Structures are given as structure tokens and as C-alpha cells.
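First, the structure itself, so that you have it in front of you.
Which chain is which? They are A, B, C, D, E and F, in the order written, and residues in each are numbered from 1.
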Amino acid sequence: MKLPKEIIEKYREPFISELGNYINSELEIIVKVKSKRLMENKNGQKYLLLTFEDKTGILRAIDWFNAETNDSKVNVGNIIRTSGKVVVYDGRLQFNLLQDSPVIVLKEGEYSIDRFVMEAKRSIDEIMDEIKKLIDSIKNVHLKRLLNEFFERDESFLKKFKSVPAGAKVHHNYVGGLAEHSSTVAQLCDSVCKTYKNLDRDLLIAGALLHDIGKINDYKVTSKGIEITTQGELIGHIVSGYEMVKVKVKKMKVPEDISTKLLHMIISHHGELEWGSPVVPKTPEAYVLHMIENMDSKLNRIFAIKEKELEGNPEKDWSDYDPNLGRRFYLKHELD
Amino acid sequence: MKLPKEIIEKYREPFISELGNYINSELEIIVKVKSKRLMENKNGQKYLLLTFEDKTGILRAIDWFNAETNDSKVNVGNIIRTSGKVVVYDGRLQFNLLQDSPVIVLKEGEYSIDRFVMEAKRSIDEIMDEIKKLIDSIKNVHLKRLLNEFFERDESFLKKFKSVPAGAKVHHNYVGGLAEHSSTVAQLCDSVCKTYKNLDRDLLIAGALLHDIGKINDYKVTSKGIEITTQGELIGHIVSGYEMVKVKVKKMKVPEDISTKLLHMIISHHGELEWGSPVVPKTPEAYVLHMIENMDSKLNRIFAIKEKELEGNPEKDWSDYDPNLGRRFYLKHELD
Amino acid sequence: MKLPKEIIEKYREPFISELGNYINSELEIIVKVKSKRLMENKNGQKYLLLTFEDKTGILRAIDWFNAETNDSKVNVGNIIRTSGKVVVYDGRLQFNLLQDSPVIVLKEGEYSIDRFVMEAKRSIDEIMDEIKKLIDSIKNVHLKRLLNEFFERDESFLKKFKSVPAGAKVHHNYVGGLAEHSSTVAQLCDSVCKTYKNLDRDLLIAGALLHDIGKINDYKVTSKGIEITTQGELIGHIVSGYEMVKVKVKKMKVPEDISTKLLHMIISHHGELEWGSPVVPKTPEAYVLHMIENMDSKLNRIFAIKEKELEGNPEKDWSDYDPNLGRRFYLKHELD
Amino acid sequence: MKLPKEIIEKYREPFISELGNYINSELEIIVKVKSKRLMENKNGQKYLLLTFEDKTGILRAIDWFNAETNDSKVNVGNIIRTSGKVVVYDGRLQFNLLQDSPVIVLKEGEYSIDRFVMEAKRSIDEIMDEIKKLIDSIKNVHLKRLLNEFFERDESFLKKFKSVPAGAKVHHNYVGGLAEHSSTVAQLCDSVCKTYKNLDRDLLIAGALLHDIGKINDYKVTSKGIEITTQGELIGHIVSGYEMVKVKVKKMKVPEDISTKLLHMIISHHGELEWGSPVVPKTPEAYVLHMIENMDSKLNRIFAIKEKELEGNPEKDWSDYDPNLGRRFYLKHELD
Amino acid sequence: MKLPKEIIEKYREPFISELGNYINSELEIIVKVKSKRLMENKNGQKYLLLTFEDKTGILRAIDWFNAETNDSKVNVGNIIRTSGKVVVYDGRLQFNLLQDSPVIVLKEGEYSIDRFVMEAKRSIDEIMDEIKKLIDSIKNVHLKRLLNEFFERDESFLKKFKSVPAGAKVHHNYVGGLAEHSSTVAQLCDSVCKTYKNLDRDLLIAGALLHDIGKINDYKVTSKGIEITTQGELIGHIVSGYEMVKVKVKKMKVPEDISTKLLHMIISHHGELEWGSPVVPKTPEAYVLHMIENMDSKLNRIFAIKEKELEGNPEKDWSDYDPNLGRRFYLKHELD
Amino acid sequence: MKLPKEIIEKYREPFISELGNYINSELEIIVKVKSKRLMENKNGQKYLLLTFEDKTGILRAIDWFNAETNDSKVNVGNIIRTSGKVVVYDGRLQFNLLQDSPVIVLKEGEYSIDRFVMEAKRSIDEIMDEIKKLIDSIKNVHLKRLLNEFFERDESFLKKFKSVPAGAKVHHNYVGGLAEHSSTVAQLCDSVCKTYKNLDRDLLIAGALLHDIGKINDYKVTSKGIEITTQGELIGHIVSGYEMVKVKVKKMKVPEDISTKLLHMIISHHGELEWGSPVVPKTPEAYVLHMIENMDSKLNRIFAIKEKELEGNPEKDWSDYDPNLGRRFYLKHELD
């Protein structure tokens, strides 16, 4: 039996960010252990200091009762289920473990990984609908057939495409990030074609939708977060994306003049050798794809920084220094 | 009396590119002297070898009759009016000066500078209409008023804005180039706002239309081509554009939170310090403006390269190496 | 009533660096709270661990009596007045708060900000005298008038010029730093003119005195230290300095050939695009200003490093690695 | 009938470098037209100035008899067969075309392309023997089988591998260059393994032999010299080499742990992103391959420069500046 | 009396890495004090928390008995001898100082510095033998004599050459590192000469053995680790190595054509100006030396990383990010 | 017999720049042959077109009488003595060789090399006087003695020091350039010490005078211009200057603390590794020397550009683009 989403959502354990609603209540939570430290006071009594986390925040916890037992049972990185009382201590929330409540270490499958990784804000179905509309709008039969071969008929591909992020840290670093990034880039390319009439719209949209698909091999989403795979480190999405498209253009018999230009777009989309493309863009379409793709990656990060900083402090004028983009960002609200 | 454009066009002297229609005819032309060389044959007779040019091409000419007189009268770079016969020699067109036709060196004002500088393909009126529509669509009253102060009421500004190029060599290097570039960038920014809803559209379009206006001080269009002015070398459009906008935001009393963000967009639009912006973009709008502006500059150059190369040889697969963009471009026609 | 400086100095509360003279005495201090931590021992008694700082150093403090009251009253970053006893603990000075002495959080204006920010070693009056002598030595009437318009008649400018630093971290990062840097650079430029006779001394000195004046908009000195303003982040001193000079050259009707060269010096003084100048120096004077300005900035930092390291340990041979200059410095005393 | 090599060699037309042996003789030559210019003397007689070339040098030629006919028959870049007399004029050899000898423009297939492109000094058979010995020495059955699949059984691959150069200009820019470079790199890798015992010799040699095989798609050797193909410009040998190996490892069922490391070596062999590798070497073997491959490329160029310069002038101490390597090379003979 | 190595090894105090064999035993150790902290519990009892280290690892220690006495006696960085009990606490080894065992601070000479610095894995005698064999194989009498002047007759040089490292942090950062690096590079150069016959083998091997000898002035090995000397910071091994060789080539009357090429190899061996060579390699031998030297430095680091990581966790797939080489390394065992 | 300078100057052959005073006269000149071309007119008569040059300019020449004889006698690069008539042809001066005047190729020693290389504008004696005054002003006896050992007692050094340039192309590229550069840098350093009181003036001046002395080994002045020597290419002035000073500090027993700091200044004076210093400046004096030395080098070039451009065209506003400094320079005269 598969429960409806609403039911699951209603009866799930609260997230850390929701515990403010439960002060002085006792309740059960599912969290990841971020750190632990066994302490001892003067007269030899042991207690266990813990930090818990899920995708919504972190939480200080203390176990006064089963410190040594739980210290040996639990490792940093474990996902656990336990009960405790939510209290306020030293101005912050704290979770005091109950005396008679065991700490249960959960195995993969016994908890939803969604508790520990961020997701795209928009639903994946909505994003996939956008992609399908874009494919439907393509006139060139070879490119349309090729795209459908990926987005209509390749179940294994689709499953991964819908779930992987488009980055581990810098941008679109959440479940569904690849789909969201691909769709946004394709939409922007579509807009750009309205201004530059002599761009090949079909080619540009096909390139936009396929440019990052190699990333389905690069990332692994676990309770530990987004990790880069061995395949991702040794080969990388530029080359594995090329290979995925090459296999399908052969299968679908896409004419070589089309397929070569499309494959060129895949491998040149980072724009410069030093950014990891083995060749630079040498067609207008490849050039536009690179520029638009780059803009979406950076904007996704900028908006994420603004959102996170203003959540923390709505009065803040400037973000902290972002080492990735090499600057601080101005946070003041926009014009009305 | 100001003649209608059609009349002027009809009765003007032919361009060099049109001389193929006049083989073996005698006619009058207005050209620039690109090079000259006084020659002497064995028996002491002098003749004058010349190369002429206008914006449509170059032309070999020879003066067998008044070589020494014309050699001392004419300097390289002069604009001249003269008559001759169009012949074919050694597989190319050649212009043989007539014996009894004097060479007249024209002064500025005696010829249309349009013969010697390239122009935007689209009419300047069409471009200005686009700009006006964009201004009309702006909702923020301060920004709309500010833009109208430039584009409606500042005649001196408008005259220059409509005529200067947006570059001396690399991109939009023709009369009307600044207006065309500004309009295209603003339209692309408008499109981008449809995808990223939390961009401040009014601010972005205002920044797009104003970002390069300092260029009216940077370039001087003469019969010698596009030259950089002393002001352009010593100050540059980034700073002089800032100053032009600053003077008007003070006059129009634009609130400081708006004007500072707008001025930041002007000076940060080159995107990186090493590309000449004294500060990098620190708002999403400044970042988008930089990316879009950069894309339009590069695409304008890429399309110009493709057009020029295919004009020369429609069968060519690859452009020559372009030192500015550091690559060759693929010229093959697009998909049907 | 304004007390004489000597009186103020005599009766002021001691600085942290002076507390070694008061061991085992009780006294009152004014300090900034750098960190605090509420602690609890086994039997539930709370105590408050604090770190204090002023411009002369840092100090460990402990409050055994009013821990919770003071913890809720005081925030990190507050300037406080309190009384305690100076003791030696674990080899270092410690300040034990007294039981019956309240901690008073001071507001801006209730304390002298001078306690918390460093100052130039030389008096600001001495520096301003040097600047005036340099202005007096200028022969070109336009430039002399322009400089006097800033340094004689613009009170609001002068007040800021005398107090702001010339940097937040790297060099001249203290009150009076801008004035000191400007004067030193102008003096060095004066010396250089004795060797290179064909430099325009008047122009060079004027450029030296004005090159960094935009920094009066870039920094804000508070008890938190030197902060970069929003204006400093979004516009920066290169462009705002240009604007300040441009406004005054218009007002004073400085001839354009002079003013353009002067303005060029302001915006090109960082020397290279990647160091934030939108144009590179294109006159000998602009080039010299850049080189001398750069040398003074670096030497100011090098001397500050040497001084600070040798203060800490007069026997040290080598400074720690300086990430800003990318090297260690040799500290050994110079030849006698 | 296929003639033996010796016969072909004996009866072939002489190369330009051999014409010094035929002064004042009449003979037939096969050359490429490098330039031509139709001239006219005072009394209207036309003559045709030509420059010929083959892989051994260039030659001035003149046609006094059929200037206009031949001018319209021959284009620059054509390969022609013609007869003339070898003379010495103005200190250099000159070829005077005979009156009654026609100029025949040859089509591809009517001449040996070998006349116009340089070849490796060592015979291709010798090089292939070295490669085979290296393959025989490999112990890992998967890698040995994979290599034999390329070097024993893939005739189409082998034909191209033996003939293409390893570069268009910089190094190994001659027929057989790829084979020579691959063999040399593999031998050096073999040597290196004797010093570093924990390198995986089989993997390293396999990577060395396969690292550049994608170059069979990058270059086209024609009478015009070595040209980069569209495939070479748009995809490049790094990615196409990866693809070639990937297809065969799948076919040969090479275990994934081996094949991934091998494929990583192919795509990382340029060593740095800015040199065109989409990933940097992350195994010791990939690192060694990059270093050795780089060394052989550079040394091949250095030795070619030394040889060419000393051929021109055996007394020369220093080569001309080499823009590719950014220096001059010392040419003095080595120690005895 | 000098004890045999085996005896010294047998009766020495255990290293930290060996303490796992002594759990719950009391024993004497010689360690360096890495950190210390005097603590006090509620009722005023003091205890001293310590961290010890030697070249094999670090160790937590606690002194419950003589905390204040030992706190004032011992400084961070001291080498001490003391006795205690090895216990397991909080999952890690801990060393509890005994009540009646004094802590003795050792002076230089009272302990073996070998306890605190790493050594080459291979014996220095084995390495020196390799070097001698290489020298014996040299045919050029001048170079052989020169090398013997260093490696046979200069005792003071030899003593330092055998003990200094070839780097402080990045590679060969252990006692004997310089000798090991020099020998390995010379052997690789020897191998390379078998492939490139026209390299001058004698010159190359001489350069390889001498290229880094200036490092005997750069490093000082103390119990604190490897430190850079003032000579190393202000002059550096490139220049001081040049000087050392120059003095000896003069003494040995090496002909100038040989010595200049040899000295060029010393100063150009870093390969690029930005890597610290004042000139770039301009002979094939100098170029090869640079490449091989660079490869050995990097490989030494890569193998050290692999070894250390797999020691820590034999199941690990990927090393941590190495900031020096800018990447992670794949750790999976090689093919069988 | 050595003639007084005035006599030599009076009776010397005129320079090319002086020929305007001899139009239509016959006279004898000494020039270098820059190019030659043997021509033939229709009726078979040969004539020889020549270009001559000396340090003051270039000159077109024609030999109508002994074309073939002189063509075979003279090579490009030869210095010749010949007679001819100065005429004006095609608006420029031309030198027509006389029928009965032979062309004499001169050997080294038969002409003054001064005709072909530029010299410092100031007399070398004046420059050496400045240097002596600076040495006299030094208080530290070791440094004074060391400098006198070079500048008073080392005749062989002094002879070279006075004549070599400080650069082949970029700056101080004329006879006496090294002395002029050294003196100017030392004077500027002297000035700088008046502002920064804690600089070690003696050390700084000694470093300034010695920093570039290695250049006496780098350049060779011949009639072909300034050439870099093999020593200059393979070792370079940074290292050879270090060696020269090291030899003398040993001889003069300069204490090591002084000599090490001085030697550090020599090798670090290029300021950055990528500019050829093997170590960066790590003392304030080394840092100042680098900055001042750099400034003088650049200013010398800038002033040379301005002078040369304004000589050519006093009305020019902007110099041509200078590839070495990467910009154009503003040429407008300075303020009065």
C-alpha cells in the first residue's frame, strides 16, 4: 500500500525547523548525528553532548541518562530515531533525551532520504511538463525524435534525470536541480531566439535540454549529502554526456551535420578550456548555450545566497563574502 | 532645400561594389585614396598607380595622363571626386582616369561621410521606436522619467546616441551601433525577466538602455573610420557614462536607493575588473546586465564574421582564425 | 566646556595594555565585549566567561556573581563600563568582575570611539601642515585654486578627510590614514620630480593629494572597527573620487586640458585594470603616481608587520607568512 | 601491377632540392604552385612569374612564352607537371618553362601526395614493430586483448594510425608522426616503470599507446599540407579518442575498474584544464602519461628546430625566437 | 662507545604509534609537547591537559597530580621524558602521568632528533651507492672529476647532502630526501637517454645529480620539524646551487662550453620563471632535467598521499583534496 | 696619436640625418646596408636599389653604373664607405652612387661603432661623477669599501659598466644606458630615504648602484645593434650580478649580515618570480629597490616614445600602440 502524499506529510515526524512549536513537549524525531562528545563531571558522572541535523537546520541535544550506552551505539553520520523533550537553554532550543527512550540507528530504507537533502522548490512534474512542451515545439524531426528517445522512452534515464542535482555545492545543489536547470536554460534559449532570428532554435533547445545530462553519472545523493562519484571524478559529465548523446544519435540515425553540431554544443558548453570544456564554442548556438547556461548557474547561486541570508536576518544589507563568486552581494529589497 | 532620401539615393555616385554594372563606361566616382605610387617606365614616362576605397570595397586605378600633377595634389586619406573608365584588367576591375578630367580633393562637408563608414542594417528610426516602447513599459515613475529625460528631451544626447558606434573594431563598429546594441540588450533583459520573476524588470531595462551611453564621448566617426577620442582613451565610457547618469539622477531627484543600484549597473557592466569595470556586479540585475551585454557583443561579432566570410566564399566551411575571440568559426549553413 | 587634551588623557580609564600596572587592584574599565559564554558547574552554579578588547589588546574576564543577569544584558560587540579586580591566572592577566558592580552598556556618544580604533602615529595637524606647504608650492593657479577649494574651504570634506583610514585591512587602516597616505605620496612625487625634470610637478602633486579622496565615502569607522559602506561596495573610491574632482573643476573653471589629465590620474592610479582602474595610466605623471602610490601602500604594510612582530618578540628573525603580500619578511635590525 | 619501391624511387621526377644537379638541363618536374603573377613589359609583352614548391623547398620560375594561357589555366595551390630548363639567375636557381611544353594540372591520384608532405625519419614498419613488442610484453590479458583489437585486427584504424601526423604545426607534424609519438611515449613509460616499481606498467603502456589515437579524426593530409578537419575542430581527439576506446572496451568486455582508469588516462593526458583536458590526472599512471607525453612533444619540436637551423647555418649559435615555446634555443654542438 | 644500530633500536623508548601494545602498562616515553592547558574543577583542584607528539603520531595526556608544577616547568615545543600509564579513554589512547614521576625537559643532544623527523625509506648508503655508480658511468673526464670533487672529496658537503630533505612540506620532506630525489632524477635521465640518442647523457646526469644541491643551505632539521633558513629565504637553492657549482668548476678548470651548459641546467631546472628559475631551459638537456625533476617531485607527493590515506583507511576510494596539487587522488589498488 | 673629440667630430663624414644640408652635392658617407635588390629594365640594363642606415635614420640609394659588381661585393649588414650625389626623388632624399667611385666594405676597427648605436644623452663622465658622490655619501665602511672596489679600482669592470646598455630593446637601450639607469635609480632611492626614515640608506644606495651590474655580461654592442650574448641567454644578469658581488664581498670581508641583505637585493630586484627574480623582495630595502628600478625602466621607455613620436610629428596627440607597455601614450605638451 502506498499512502497518499498528504497523509505521509501529515503524520511524519517534525523537522528541526518545526520544533519551536513543541517547546516543553516530548516527541519523537528522526535526525542525523552531526557530532557527539562524551563528557564527565567531577564526580564521575558521564553525559553525552550531541548535535543533530536534518535538511532544515541543526539542534543541540544532551543525554543525561544513557550516555555511555548511546555513545558506543551511535556514530557520527548515523540516522537515528529517538525521543526527548524540547527545552530552551542558553537562548537556544535543546533536545533532552528521555531516560527510558532508546536511540535507534536506522538503516537505509528505514527513513526517507528526503529529510536530509534539499529539493527543488518547484515540483518535478511541473518542470518535466515544461520540458515536454519545449520538445513539442521543435520542428526538426531528427532532433524531436532524439529528444523523445531520452525524455519519453528511456525510463532508466528519466528516473535519474528527475532526481539528481546539477551540482554538489555551487548551484542547483538539490534533488531535481538538473531538471530545473535544464528546463530554465532551454526556456531562456527560446527567448533569445526571438531576438536573434538567425539562430537555429531547434538545435539550441536540443542542446540546452541535453547539455548537462552526463551529470546523472556524477552525483550520488545519500543521507550524507551530495557526493561526487568515481565516474564523476575520473570521467566527468562533459565526456559522459557526449557519450550518452552519441549512442542515441547513432541509434536514431540523426544526420551527421546535425549530430556533430549538437555534440559540439555538449562538450563546449563550459565555454573555456580552463573551465573544463575540451573545445571552445565555435558556432553561434554553442556560444549562446554557454552564456545562458553560465548565467543560470550563477543566478541560481546568487538567489540562494540572498534567500538564505535574509532568512537569517531580514535587516541585513550585505551578504557575507562568497568565496565561489568572489564578492559580497547587496541584499536590500528591490523597488516596489 | 532638403531632398527626399529616395532622390538622393537615386542620383548619388555609384559605390565601388556597384561598378561591375558599368564595365567599359565612363563615370564619376567619389572615393578615398588608400595608397598611391608614382611609377616611371623605361623611356621616362611617369604614371600613377592608385588604390581607392569606400565602405563597399577597394578598387585599383591608374592615371596615365596627369601622373605628376595628381601625385602632388592628392594625399593618401583624401576623399576625391574624379572621372574615369571602368575596365577589366588581369581578372579584376580597374578604373582608368580620363585625360581631361581633373581630380578634385573634397573637404569635409562636400561629401557624405556615409560613403565611408558602415551603418547598422536596421534603420535608426526602427531602433529608436523599440527603445521608446521599452521605456513606455516601465512602471517605476522615477526610472521612466529619468529615461525620458535622456531619450525624449536631451536633443544633443540623442543626436550622438543615434550615430555613434558601440565599438571601434570588435563589435557594433558602425554608425548606429550604440543604439542597436542598447536596444537589443534591453529586449533580451526583458525576455530574461519572464523566466526569473524576482528580477527588478524596471531597473534592469533602465540599466540596459543606459549602460553604454558614455560611448558617445569615446568615438569619432570620420572618413578615416572610427577613431577613439582623447576623452575615450583618458576617461572611457564606464566612468563618463556614470557621470552622465549621475548628473541626471540628481536633476530628476531619483531616490538614492534606486539611483545607487542603477549607477552600480553602469560601472559594473564589464563584469570583471580585468575587463575594465572598477567594481564587479553585486546585485542580480547588475549580474544579468553584464552577461547579456557580453553575449550580444560577442554574437554581433560572430554573425559579422560569418556574413563576411560567406560573402567572400559561400562554400567555405571555416572562418579564418579570429584573434579577438581566439578561434575559428564554423560557417556551414544551418538546418532547414 | 571642552577639557584640554592633557586633562582628558590623565583622567581616562586605563587601556587593556596598561592593566599590568594594576595587578590586584580594583578599577573601572571601558571595553568592547569580544565573546561571552555562560557556563554551569556540576551543582548548577552559573558563571560567565568573557573576552574584552580595546585597540591595545584583549583581556579574559569572569563574572562569578551576576552571570545570568549580565549574560542577558550584554551582547557581543557592546561597549561596556564595569569594575573588577585585575588578577593573574594561568600566566595571563584576568579581570574578575566585582559582586556589587553593575555592567553598564554604553551608547554611541557615551564613550570615545578612539579607544577602539587605531590612529596614525603622527598628529593630523602635522600632516595637514605638510599638505598645505605642498599646495603653497604649486605654481599653476588653476591647480592651486582647485586644491584650496578642497583643503581650505570645504569644511565638510576636510572633516572626513582628516579622520577616515585609507584601507579597511591592508594598509593605512587607522584614523588619519588617508591624510597620512596622501601627504606621503605627494612628498615622494615631489622628490621624484627633482630627478625627472620633464615631469609636470604641479599636476603630479595635485594628483597625489587628490587620488584617494573618494575613500571618504568608502569607510565607516565604528566601535566595531573599519567597515566598508554600501557606497564603497557599489561605487568605490575610484569613481566617487573622480566625481568629487569633476564637480570642483567645473565650479573652479579649470581648463579642460588640465582637468582631463588630472581626472585621468584619479581613475588610473591603481595602475592595471585587474587592480580596479577602468583605464591604465597613459601619461608619465599618471604612471609615476601609480608607482609611488603602490610603493607607499606596500611599505606602510611592511613596516606595520615588522613593528607588530618585533613588539611581540624582539628576537624573531622572520615574520609569519603574510597572505596579502604572499611572503614572510625578514625582521633583523638594520645596519648601525 | 604495383612497382617495387626502389623502381618508383629511381624513375620519379626530381625534387626541388635535387635541381642543383641539373643546371642548364631540361627536365620535367611535378610541383605545387605557391604564387603567380602576370607581368607586362613596356612594349606590351606578357610574362608569368611563378613560385613552385614541394616538401623539399621552393623554386622561382618564369614563363616567357605562354604567359596568358598558363595564367588562366593554373591556380595557386594546383599541382602541375611541366618541363623547363634549370638556370642560375641572380644567384639562385630558376626554372624557365619551355616554349612548346604544356603545363598540365594534375588531379588527386595523378601524383603522389608524398611529394608535398614531410614524413617521419624512421620507417613506419620499424615503429609498428616497436609497438608490437610493447604489446607483447603486457601481462594483463584484458589490456593485451584490447590493444591487439586495435593494432592487430582493426585494418581501417591501422591504416590511418600509420599515416596521420600527431600535430598540424607544433610537433610531429609529418606523416607517421602519430605512430612515432605513440611508440616513443610508450617506451619512455616503460623505462619510468623501472624506477617507480609501484606504477601499473600494463596500464601505463596501454594508455601511452592509445592516448592520442583520436588524432586519426583530427587531421587531413592533402597537397596543401596538414589541415584540421571539421571533426577535429568541433570534437577533438581527446573526446573522439575516448569514444574509440570506449567502444572497444565494451566489445572486449574489459572489466570496469580497468577500463575506467584507462579512459581517464585518455581524457586527462593534456594534464591541465587550460590545455584541453576536461579532467586533470588523478592517478599516478595518468600523471606520468601526461608528463612523458608533454616531454616528447616538446623535445620533438626542440630537435626539429635545432636540425632546421643548423641545416641553414651550421655556425649559428642560437635559433630564432620560437613563439610556440617562447624562447630561443642554444644550437652549439654537444660534448664529444 | 658507539652502540650498534640494532641495540639502539631494541632498547629505545617506544614511539607513540607503538603504544597500542602497552595498554594499561606503565612506561617511559620521550615526546614533544604539542599543546597544554591548565584546568581547574569546581572545588579548585587543578589538572593539566597535554598533547604529545613524535614522528609517528599524537597522544592525549593528563596530569592529575603535579599540574601546576609541570605547567610552569614545561613549554609547548619542549622535548620531555616522563612516565605514565597507557589507558583507553573515550575510544582513544590516553597517557596518564604518574604521581611520583617527574617530567624532565631534555636539551638538544639528550635525545635523538630522529624521533621527531621522518626519514627516507631506503637507506642513505644504498642511495649513495646508486649515485656513485652513475658517476662511474660518466665518460666526460671534466664532468666525472667535477662530480667526484663533490661526492668523493667534499666531506662537509657530503654530510649535509646525505641528511637534508628536498622540501619542507610538499615533497621529499624527510631526512635523506635530497639524496633520494637526486638519485632518482639521475636514474630517470639515464633511462630517457636510451630513447633520445642525441641527448648528451654525461651532461644530463651531472645536471641531475647537482641540480638541487643548493638545498643544503635552505633547510634546517630540528625537533620542531623542517625549517627554512634565512639563507634559504633570502637567496634560495637555485642561486646558491649555481654558486657552489661555479666555485668547483673554476677550481677543477672545467672548460667553459661545458660549465656554462651545466650551470644553465642548475638555474633553469624549475622550468618557468614563475616557478622560480631566473631563466627558462634553452637546451634539450636543461629541458629534460626540468621535466623529469618535476615529475619526480609530484610523484613523490602523490605516492605519499596514497600511502598515508590507505594507512588511515584501506577501504577509502578517494584521497582528501590536496591543496598543493589541486585535486583528489584515486586510491583503489592497481591491477593484479 | 689621439685626436681631440672636437677635431674628430668636425671632420667626420656626415650622418644620414644631416644630408638635407647637402642636396645636389657629391660627398662620401659611411653607412650600413639595410637591404639591396638587383633590378633589370626591359633592355637588360641592371641597376642596384639599396637602403642605407646609420643611428640617425635610413636612406634610399641607387647604383646605375656598377650594379652587378657591387651586388656581388656587398652583403646586407655590411658597413660601407662610398661616394654619391644627394638628390631629391619622389619627395624624399636619395643617394645616387657615382660611376667612378668604388664601394668599400669596412672591417671592424675601420669605422667608429658609434655611428650605428645610440648613446645616452648625458655624458658618461657626468653620470660617473654622480655615482661617485653617492658613494662618498655612504657611511657604512663595509659598503663604501665594497663600492669603491668596483667603481674605483676595478678598471676592467668600469670600462664595461660605462659602455653597455641596460637593455636590448625595451629601455636604456643605448651605450651608457647601464650607468645612467644605475645612477638614476640610486638618486631616487636617496630621495625616498628622506621620506621613510627607517630605511637603511647605505644598503639601499649600494643595492641601487649594483643591482644591474650583471648586465655587463648580457649585451654585446656591434654594428648590428645590441645583441644578447650566450652568457646573457643561459645565465642572465640576475645570477651573474649576484656572483660578481659575492666574489667581492668575500674579498673585502663584508660581514655576512650586511652582505646577505645586499645579495638578496640583487637577486630580488625584478620583484616577482614571473619577472625573473628567483626570490621576491623580503626586506623593505629590497622592496623599494624593485619599485624604483621598475619605475625608472618604464619611464625611460615612456619618455623615449614621447620624444620619438613628437620628433616625427609635433602635432600628434597620441603615440602608436606600444606592445611592450600595452597602451598608447598621450603626447600633448605639458602645462606651462
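The definition used in the following text is that a contact is a pair of C-beta atoms (placed from the backbone, for glycine too) under 8 Å apart; a residue touches a chain by one contact, two chains touch by 3 or more.
Computed from a predicted model, the values in this text were never measured in an experiment.
The fewest steps needed to get from chain C to chain D, moving only between touching chains, is 2. Among the remaining chains, those touching chain A as well as chain D are B, E.
On residue numbers, the A-D interface is repeated by E-F, which shares over half of its contact pairs, out of the options D-E, E-F or C-E.
Set against the C-alpha centre of chain A, every other chain centre is closer than that of F.
Rounded to the nearest 5, the angle that brings the Cα atoms of chain D onto chain E is 180°. Compared on C-beta pairs in contact, D-F and E-F come out with E-F as the pair having more. Averaged C-alpha coordinates put the centre of chain B at 44 Å from the centre of chain D. Once the centre of each chain is set as its mean CA position, chain A and chain F turn out to be 64 Å apart. In whole angstrom, the spacing between the mean C-alpha positions of chain B and chain C is 49. Among the residues of chain C, those in touch with two or more other chains are 42, 230, 233-234, 261, 282, 328, 330.
Taken pair by pair, the chains that touch are A-B, A-C, A-D, A-E, B-C, B-D, B-F, C-E, C-F, D-E, D-F, E-F. Of all residues in chain A, those touching chain E in their complex are 38, 42, 230, 233-234. Partner chain D is touched in their complex by these residues of chain E: 140, 184, 187-188, 191-192, 194-196, 198, 200, 202-203, 257-258, 261, 280, 282-284, 287-288, 291-292, 294-295, 298-299, 302-303, 306, 326-330, 332, 334-335.
Within the complex, the chain D residues that touch chain A are 230-231, 233-236, 238-239, 242-243, 246, 260-261, 263-264, 267, 273-279, 282. Partner chain B is touched in their complex by these residues of chain F: 41-43, 90, 317-318, 328, 330.
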